[in-house]
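Letters A, B and C name the chains as they come in the text, with residue numbers starting at 1 for each one.
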Amino acid sequence: MPEAFQPNLDFTAVEEVDARDAFVVDLEGYEGPLHVLLALARTQKVDLLKLSITKLAEQYLAFVHEARRRNFSLAADYLVMASWLAYLKSRLLLPRTEKGKADEPPAEVMAAALAFRLQKLEAMRKASEALMARPQLKRDVFTRGDPEATVIVPSDRIDASLYELMAAYVGQRRREQGRQYNPTQRIEAFALEEARDWLRDILPRLADWTPLVRVAPVRDEAEGPSQASFTASTLSASLELVKEGAMDVRQEKAFDEVWLKRRGRGLPLELTP
Amino acid sequence: MSDLRFAPDEAEVERRVEALLFAAAGPLSAADIARRLPEGADVGRAIASLRARYQGRGVELECVADRWRFRTAPDLGFLMTEEREEPRRLSKAALETLAIIAYHQPVTRAEIESVRGVSISKGTLDLLLEMGFVRLRGRRRTPGRPVTYATADRFLEHFGLASLYDLPGAAEMKAAGLLDLSLPVGFEVPDPSRTGSEDEEDPIEDGEAPEFAQDFVGD
Amino acid sequence: MSDLRFAPDEAEVERRVEALLFAAAGPLSAADIARRLPEGADVGRAIASLRARYQGRGVELECVADRWRFRTAPDLGFLMTEEREEPRRLSKAALETLAIIAYHQPVTRAEIESVRGVSISKGTLDLLLEMGFVRLRGRRRTPGRPVTYATADRFLEHFGLASLYDLPGAAEMKAAGLLDLSLPVGFEVPDPSRTGSEDEEDPIEDGEAPEFAQDFVGD
């Protein structure tokens, strides 16, 4: 069998992992420096409280070094941890007689704190594993597939008085009266086409500004469109003629009289407010 | 975890059948069960044994259309109902619909809608029927033979009325300050006890309830 | 139908409790059950008796989140191929976060981050909230009034835990001081001055849930 295909079934290989190989640590699974530290600490195979922080610091620094060698960009917090560990290591190696900065706890305390922190993370890691190992609903255990729905019998007591019933009735009848609408005649509108023809006919006579109401046809019979319709359609048609360049329309201010005027041939479109 | 290939003993088959029937979303046939057990497992025996085991318990094994399922003992059905304690408030729509039915009965759905000016949601009439305030009364002898609605006994009981004659009329509404002089002429409050001529209607026949009410009719 | 006013004997109470638990769509508390039984019925005794009766059967009685439910025996999970739901895979980060919340609750986001040494992505807490495993519990009475998180009943139900005391290894961790969020001096962590009592929290008010969770609050 060719050597290259020999699968490595020797599980002790995992235990022989050194700082350099620790780089195989899945960076996606272990999101931060603490996770990497924990993975490295496990390779020391000791109780986390007996961990050699000096050795761990060396392992971590080797890890960071390896990452750089491989041009693997590490997030800033990995580097912060690296410098903190380098500092901690140097202090741990100092003779005990030399004191650190006054406002700083002894190096041993800092090391113990780190070990404790790793222990906490380890505890949570184990806890999540223990949780996942429990029988889970709909994976390992199942509740009744076809529960019998509880029939809710509605309360007999209903909040509704006779007064409310009467009020509800009267309220609606009132609204109904308000809605009554009996159109007695067909509404006829002054058609837009007619309005346009009408305007074109009288256009020659609109040499001066003329109010809309005097341009619109005047209703002279009881039948036919209302005066409002005559006026409205004439206004609409006039706007179309403005667009065609045949006339100008102006209004001094809102709700004011609308004035119409024929546009002289060749005059530019007058933009009036 | 048990090994599927290892032939389970009788007691183990029974456990498995019990678990399968319990977790299933519907009744299972013996074949359904057998399919999930190792070959040769005696499903019939396990079912018979389970049936005996649950006999007289709060839960029983029942056979429906050749399929098996657990269900609570029939005499304990009353436990599965839950009394709702708070009084229910009728929605505005329900109260208004009820008022129209009360005063204009027998009335069709279209007529109710024409007074209300909006269409009635399916749920509103359902609710009134379910509560026993309203009943289907008959079919109007007009094209389409629409169903007519009327109040049911529960309506009178709830509002403390001896009969429909006692439903307050225009005079009482006026006295209650609900009607005033500004009301247009021609406003009339119909007298429901007088309009209910049977001649204009056919009775509702069994099983021909309108679709939207079928959940409640026959309860 | 049995008469509710007639005091049922022990065996009958057990039958009824059995029927109620079987029929229920979710776990029932002893109080839920007692409410449906005649006064004075010894629900606790009936539950204990039922538990013994179903011990080792295909279906067992289990306590989750202080409530009771029947469920299939854990060793028979392999049979339920049709009923099994593809579990939503939780990432390692989500699992760790869930464990930290479960073991340290009530816990703030900053505290979760201090245990893990990295910031939590928005999606992680969202997912746990959405799955109903985690809920917003209150606000810590510290500057900034940070929101605290706790597990929801659904978490206990999913993992088959009777209460938070039954979290695996919780007692040992607590004894080892591992569940204390205040770390020894000299290590940079956010300052979580906490012991987990309600006094230090304000309840979450309606509508003031942090933005990312608002879809889930109030469920």
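We take it that a residue touches a chain if its C-beta (ideal position, glycine included) is under 8 Å from a C-beta of that chain, and two chains touch if they have at least 3 such contacts.
Just so you know, these numbers come straight off a predicted model, no measurement behind them.
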How are the chains arranged in terms of who touches whom: line, ring, star, complete or other? complete
Farthest chain from subunit C by C-alpha centroid distance is chain B
The distance between the C-alpha centres of subunit A and subunit C, rounded to whole Å, is 30
Using Cα averages as centroids, what's the distance between subunit B and subunit C in whole Å? 36
Expressed in whole Å, how far the mean CA point of subunit A lies from that of subunit B is 42
By residue number and range, which residues of subunit B touch two or more other chains? 19, 22-25, 70, 72, 80, 82
Touching two or more other chains - residues of subunit A: 142-145, 148-150
Complex interface listing, subunit B residues touching subunit C: 1-2, 4, 14-20, 22-25, 36-37, 56-59, 70, 72-73, 75-80, 82
Looking at the complex, which residues from subunit A come into contact with subunit C? 29-35, 77, 104-105, 109-110, 112-114, 116-117, 119-121, 123-128, 130-132, 134-145, 147-150
Subunit A contact footprint on subunit B (complex, rising order): 19, 22-26, 69-72, 80-90, 92, 95-96, 98-100, 102-103, 114-117, 130-131, 158-161, 168, 172-173, 176, 178-179, 183-184, 187, 189
Give the list of subunit A residues in touch with subunit B in this complex. 142-146, 148-155, 157-177, 179
